[in-house]
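Think of it as A, B and C in the order they're written, each chain with its own count starting at 1.
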């Protein structure tokens, strides 16, 4: 047999063997979608459509949370476009109420009462007021957030925006897009901004 | 444990007086964990599980002693650490609990629905409005069996099979699920389990792609969870994580649950099984 | 049908060291179910340990002891081969008695 023929046959063999054990990307995608449909079910407020990803979720999944620079910028730009600030212009509410919202980890689970307002789950991931020792470290410490930055309107806008849609600032952030996804109300976010920025807040003492 | 909770509460209240208070909190929690090690109530579940394996049950009044968990019919020792794996008779990858469902159906004559009922142990009083896992006045046969079968692999190396194409597909699907961001909180497993040295509140989080973390995490389930007063398995752990991720409900012994467990078992490969353990 | 206690009794020096795991709900009577109904109290009231006809430990428990109680204690005067008998009685009148043989030190 001619060498070219042997090579061609060998390559064919490798190609066929490869196909037998590795599905194409779109096949894998379809298989995953089918598996999800067959394995999850609506329960209470946690409906099955929650597993339909928006573009950002899909991209962040595809890149395993670490998108290349071009994709990062694309995501941040699209998320910046979603930022909505209070019409009244008042972005700082009551830090006491903010502390309550930050402490509460309730909201949107099928075991949560849908009528009850969601909390921010802030202490799950962040340090805030120093008296609270039970804090997480998934996110950076926010202790002295306002003391270090002041509470100008620009900083208020920044803090409000971060809570509203963290991915406007950091693509594929671990932090939930609490405002954009409708978890927290505008009013609730203003209370969290106060918790972070009000000089009287324990966060800044 | 209520006495310990009161003690922990008093200590936590006193902590602002001490510096560094945070270190004391973590030390006390570690001390509490040490105190828990003796007298693990998992033994009670294991004893029941062994009896349930051998007892005739169901329409066929048959025992599970001919159940093949991967090492041949009736071989229990060492089976848990070799799961999940592909099974030719069902032509799919299965973990322990889905395999027990298969055996309950084929050997004992239960329907799939009956076999899957009440998979998670409860006090017998429903704590959640539509929670199927706390059966009324009923223990969980599945939980007891898992406790005993896991105990028969205690100390052995975690070694899930990865030679069959379907096993590799299950691993791949599990990995894709691990990174799947969805729901109103944009969570994926990776959100909490993707970085080293993190914790949620005061609960340390294993980085699942880090072998040592994965070995310790995977190798300590099933475990008696003191805070719940119940023995919990990997199937339960997946169900509970998914609930807290604000996802819809992950069905018991579903393909996605098996895929996730396959992925995690492979990540934990080589670690020693230290289960049934006891946790907070 | 109540699960048997799991008892280990060993010599440590001149004392007998006993570890016993009891299977019991230890419900405080303060918890509510999903419908808001109180889950009735169901807990061990008394524990008695005897050896050679003598009571070596007597305990009066209440709702502060958690589910599946683990009891660990030592007593003097026992030797390998002797029997140790443990009994509990709860607020519903249920009882359980199990015994173990003291193992060598």
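Quick notes
What we mean here is this: a contact is a pair of C-beta atoms (placed from the backbone, for glycine too) under 8 Å apart; a residue touches a chain by one contact, two chains touch by 3 or more.
Since the structure is predicted, the reported quantities are computational estimates derived from the model, not experimental observations.
Taking the mean of each chain's C-alpha atoms as its centre, the chain lying closest to the overall protein C-alpha centroid is B.
The pair of chains sharing the greatest count of C-beta contacts is A-B.
Centre-to-centre, using mean CA coordinates, chain A is 27 Å away from chain B. Rounded to a whole number, the gap between the C-alpha centres of chain A and chain C is 49 angstrom.
Looking at chain B, one finds that residues 128-129 touch two or more other chains. Chain C meets chain B in the complex at residues 3-4, 6, 19, 21, 23, 25, 27-28, 33-34, 39, 63-68, 70, 72. Within the complex, the chain B residues that touch chain C are 1-3, 38-41, 43-44, 47-48, 123, 125-129, 131, 224, 226, 229. Of all the residues in chain A, the ones that touch chain B in their complex are 20-21, 23, 28, 31-32, 35-36, 38-44, 46-48, 50-53, 56-57, 60-61, 64-65, 107-111, 123-125, 131, 133-138, 167, 172, 174, 176-177, 181-183. Taken in their complex, chain B has these residues touching chain A: 12, 15-16, 21-22, 25, 128-130, 165, 168-169, 172-173, 176-177, 179-188, 190-192, 194-195, 197-202, 205, 242-244, 246-251, 254-257, 259.
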